[in-house]
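This is the structure I have questions about; it appears just below.
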């Protein structure tokens, strides 16, 4: 595919921004978390684009690792969410504010 | 306007649309599904960018395993929709505003720089193929690879710790 | 001078030995008998330091030392006096007033030091000689400062007010310190520094006028006093005025001479008064043993009268002293005062007139006192039975009486046997000292006037003996003026309004309002706090925390308040925290890109 | 891949292997044998520490320049291992008390330490990212370790979500760096710059995003807001460790990033970090004043100290002076020792149900446990920066570096805020000595040992810091590319 | 003792021995604790006397110096550098003496937590002696800050009812000043390449405008400590709340650290700035003299009265120091000692009556002379000395100071002294007022009738002070001799700077 890298990067930026918005606006812990995944994915997109531009696959390696990390995060994150749900019977993050001040 | 361009725009539209839907749909399940859609679209983009292996990983691991896990948890907890009582009314607009600024700045930075020349070098046939990636992975990037494995191990332990109930009972 | 201090000093000691013995007996707390003599000898010591010191520094040391002793001795009966604290107040008044003078004195010393590089008499005077007139300006400054010191110590206008109150001290004290010795320190100092004064004609004039003014002024007040010791006190002030005048006129010899004679007869008078008081007290106590107790002031002349029969010796010596004071020839007082008048006549007639008036008044009030105390009929129970005192009291009186009679011989004017003895002594230490020539005219004039006014006194008081509680005939004569004089021209009240009260209020204001309420509480605790508090109230609306312990000082509390505001931002919403993160990122980007 | 490469990371390898072994042991150990786990962990750490100190790396750069085992890195490695060594005995009794005595605790601790050590020596952004995750993920779990207690879960949750959020920024930044320079190796970035067509604007954006990730880890304003909540909810034993480890790791990378002359360091990062550090010092110190819970108070104080460290960093960035690097390193050490000490006192006073963490509950400690109170006083004074303590020396060095770099205004803010800090630290002392009360404290011997050790170190090393300073100085020098 | 013996270190750290012993004593042996503390402080005093014996007044520079490299810091050599000279020896002696007396005074006053009290007290002594001996800026700062801590505890744990407020205020205020000094020290170290004071002085050559700022930074620390008007707001609190012994040391020694700092650092390090600012500092000093004197007068609490009088006295010291001529500085140094003696004694005296009546309100007393003659007599002497009566120490100091400042070129006008002289009058007013309120007049309160006169221990605490009061008052020469050489050199440095300025 023959597209200027900048376009791809801009697309990734858009996705990144949406991800950010998701974290900021959604109250469902899971959805927030999904938004984080979206942000990571945006990063992946950018990396692949750059890799393509430079014609070296180092970028691909990065993406591979990032996906791995994402998997790890998901494991822990979902575990946390489940645990919290068990105690609070809710994953509305706005309910989780016993600690403040 | 080349065909590539058209394809790209199409995919981009789909991806963004999916992302936005994920963002706005009230139900967590829909969000998850839209995210899967988004990932798949991106995977296609990867493919078109000669990143076959990664595209594959994206589909199987990301869109497949991870998102399924998400869905599974959502179902398990039966927590599709949580936004019942309104709280932090001012948060959303402010967030939108600031995020827009962020996006604007990023684009600004991109454009002030010299416009990225269209996909630079022509690449060999094997570019992005599993074996190419694999070789690099086990030569130059051995250390990160090991680290990732440890990372996953740690995450696993963590997940176990956090979810095994009875041990904590007996302990406390 | 030394002779005076030691001589008179020892006499008074003998007197005091028995006087105080009774005094403490009457006032209880016999333990103070010893304390009295401790202070007393301390005084003698510091007085000697003052006199014998060969530099201004030592002089100043003695100067302050005597001041201290006078403070302690005035306040000797510190629980007596007006509402229990009066004497203590008097002592403090004396000390502080002196301090004011001393401050001037100190500055004078600094000036001397930085001009001559030394404080030693001989060197200073020597250099002063060398330098001569081109030092006039600085010399004037120095001498003015010294004068201020002198007015403090020697009770001249405007700092004389402490002396009358100082009479709160036991009588021997009044006699020695506040008549014979300490108060003359000022004159001594001026005479000492004659070298400097002679360089500063301006100051000399000032000195003269201060002296003359004081002489007259005090005399007028003395006329209308009833307290036997107060009268003497004011007369002392007035006599000191004479001496100062003399010093100002450059008649140093005369000044010292009068100083000496005055020491004799004034000590005599005081001690006489003392013995009178003692007698009255004796009688009073005796009487009050038989019941009828009433408020009674043993020093008020209106309670006396007719004592000449009861206390012959005292009567005798008192008369001598009085005549000496009045300046009736051939007593010592006459000779010395005459010398001053003579100099005055020669140098400035104006001064002489003033002095003559003062002399006249002196004679008058002396006569008045004499008559009110000793003649007429007893105006009180106590006066009627007042006994004569022991030899311990009367002995010294007699000696002093003798001195008063003969003291004049020390320095007879030119043209008479043993002329100018004193002057010869003095010439060693004092330059340009001229021998006083006898001025017969002046002498005659003075004498006649004196006699006349004595007569006037007799007319007023002696002819028809005063009845008990009768008002003073002079009052009938002068009316309001008398009240003016009786209240000492309201100078004390004036000072009180002018300086004392304002200072008290000012200091209260400064300490309470400014330093504590404003600076300590308001500025440190409230302003620094308050500004923050307002800020934080705005930050932390509807957000109350357990307020942290009062260990906070203002600043602390303030910052806490602010911190409370920050806590409010820590709302517990994850999303808000994330927003903060994003905000940070955006701000960074903005800074970097739009820098 | 040569043996040398693995020799270079021998401590890490050893620790990792040991962790895996422990995992098995822990799994198959009979219940009564469980108490052995912490000591085995400590043993592993000890060995690793010995290796760090004794076995010099064959070469600084290894794995194709992906890591750089220089003095800088080894200093920090040692620091992390020490922190771990102190954190283990700290937890033993406490976890029993809180009913969270699980072997995994120590495993996670080990993995986190491995991550930190990697941070210390990583020279490639990719590796930095992985290490960052490796140190964070166990910490998320440790924070939530006291589940099902709500506050612990909450703290874990918050830490996790925000952490993931921040690291997403970091990743994106990495991506952009790669995009503009074609490499992610810190030391190669410089060379890449000679190529004309490097898009500096994008690179700047990248840098900012990296800073977001790191700023989050070191709890710099405005990325700090997770800190109080997380420290408050998490088990104190874990906090003691993360307050030191995570921060130090973050600064390790930050220092490398900026002192190795990351592009635009001097003209951009320096001033910007100066602002950030000023904000951090002010916010941290002021907010700490209003706290009634000692855990939150210490949390804010750790934010404030991040500010002081940032001072050194910004000074270094303004004019790449080795002095600032070593100053920062020494400050990290001082802060680490003192903070662990302070938290161990908190551990000593916290009760089984998590209460006993209000400052008021320290009333009367001076009578009840004079030595503990004395130790706490030493820690507080050191955190204020009163001589002769480590804290004072640290501040002295940092201020020195700042003044040296000519950032007088920043230094003035620093001293003024540390004055403010005196206020809330002293309040603890006041409460301990000048108020009456009956605090109940655990008399566990290892815990006491830790407290005593750290207190002594804080005081004595403050008196005779010579060798330490030398170490820090050399380490600082080696970290910098002139 | 050969000259290489590190006697100064011994002097400084000897109290540590006492601290250790105290820490080891069994909990209930309070009597033993008191004795340990007392003996330790006496031992320290003896050592300080030994120092005095070895001290050679002819030498202007430092003596018995001990100088070893402590550690290197940011490329600078931080040294453990002790030394003593004419400027400090008197203060060291004063410190050691007052410590011993203060400890005696706590005998019956302190019954709570004796061990801690004594430990803090001895630690404080280490800090203070260190401050006076340290010749390395870093070392100095360490000691300087270190003194805060024990004093903070002394006030906070054994003080009056608002003790915590006072303690925190004390700590924050003094620290506020000293951290600015810290920055200045850093600057000096970095620019001057050394922390050693003598080296920095000999190096000299700091540009005038920079001197100006550094001077201010140092002055911030010292002025608050002194305290110079208008930074005195912490003093009354600290004094009123502190326990007697604390007040004694606070007034007797800690405040001197401020004036000493000016003398030791500001003047020699920044002579140009000193000359430039001398009128201002001296002016503040004069304001302090008058202000303190005026404000003391209406105080109802004796301790407060004495506290404010300190402001006045130290105003004199500042005036003397910044006359920048021999008389002024010598007077200033002597006046530091005098103030230490007389005010220290005054606080002891207040403490004695407070122990008996548990109040310090002037109104509660009156006529005590009759009941406690010895007490009254001793008080009288002390009061007079603090009033500056000739023949007692106060006069010598004030006279020399005024003499110096009157003719000082640095101040350029006699009016400073002229105004300060008024302070002498005002001093008489408030001191006599206090004396009168307490001892003169009739006995107004019956509870006073039963008061016991001084216990022999209390007399013992006062006698040494009174002896010194008389000694300095009557024969100050030996004291001046001790400092003459050093002061002379200090004045030279200033004059050199003055010449350079023109």
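Labels A, B, C, D and E are assigned to the chains in the order they are written; within every chain, residues are numbered from 1.
The criterion applied here is as follows: a residue touches a chain if its C-beta (ideal position, glycine included) is under 8 Å from a C-beta of that chain, and two chains touch if they have at least 3 such contacts.
Remember, it's a predicted structure, so these values are computed and weren't measured experimentally.
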**Message:** Just to be sure I understand: going only through chains that touch, what's the smallest number of steps from chain B to chain C?
**Reply:** 1
**Asked** Which chain lies the greatest distance away from chain B when centres are computed from Cα atoms alone?
**Response** C
**Message:** Closest chain to the overall C-alpha centroid, by per-chain C-alpha centroid: which is it?
**Reply:** E
**Prompt:** CA centre of chain B versus CA centre of chain D: separation in Å?
**Reply:** 30
**Request:** Let me have the rounded angstrom distance from the C-alpha centre of chain A over to the C-alpha centre of chain C, please.
**Result:** 96
**Request:** Starting from the mean Cα coordinates of chain A and chain D, work out the distance between those two points in Å.
**Result:** 26
**Request:** Could you please state the distance in Å, as a whole number, between where the Cα atoms of chain A are centred and where those of chain B are centred?
**Result:** 5
**Per-residue overlap in chain C, given as positions that touch at least 2 other chains** = 545, 549, 551-552, 555-556, 567, 570, 572-576, 578-579, 582-583, 585, 589, 593
**Asked** Which positions in chain B touch two or more other chains at once?
**Response** 87-88, 91, 95, 99, 102, 105-106, 108-110, 112, 141, 144, 148, 151, 154-155, 158, 162
**Request:** Return the residues of chain E touching two or more other chains; collapse runs of consecutive numbers into ranges.
**Result:** 164, 168, 172
**Prompt:** Okay, what are all the chain pairs that touch?
**Reply:** A-B, A-C, A-D, B-C, B-D, C-D, C-E, D-E
**Complex contacts: residues of chain B adjacent to chain C** = 87-88, 91, 94-95, 98-99, 101-102, 105-106, 108-109, 112
**Request:** Flag every residue of chain A that touches chain C in the complex, lowest number first.
**Result:** 20, 23-25, 27, 32, 93-94, 96-101
**Item:** Complex interface listing, chain D residues touching chain A
**Value:** 126, 129-130, 133, 137, 140-141, 144, 147-148, 150-151, 153-158, 160-161, 164-165, 168-169, 171-172, 174-176, 178-179, 182, 184, 228-229, 232-233, 290-291, 296
**Request:** Provide the residue numbers of chain B that touch chain D in the complex, in ascending order.
**Result:** 105-106, 108-110, 112-114, 139-144, 147-148, 150-151, 153-155, 157-158, 160-162, 167-168, 171-172
**Request:** Report the residues of chain B in contact with chain A in the complex, numbered from low to high.
**Result:** 2, 4-5, 7-8, 12, 15-16, 19-20, 22-23, 28, 31-32, 35, 38-39, 42, 45-46, 48-51, 53-54, 57-58, 61-62, 65-66, 69-70, 73-74, 76-77, 79, 81-84, 87-88, 91-92, 95-96, 99-100, 102-103, 106-107, 110-111, 115-123, 127-128, 132-133, 136-137, 141, 144-145, 148, 151-152, 154-156, 158-159, 162-163
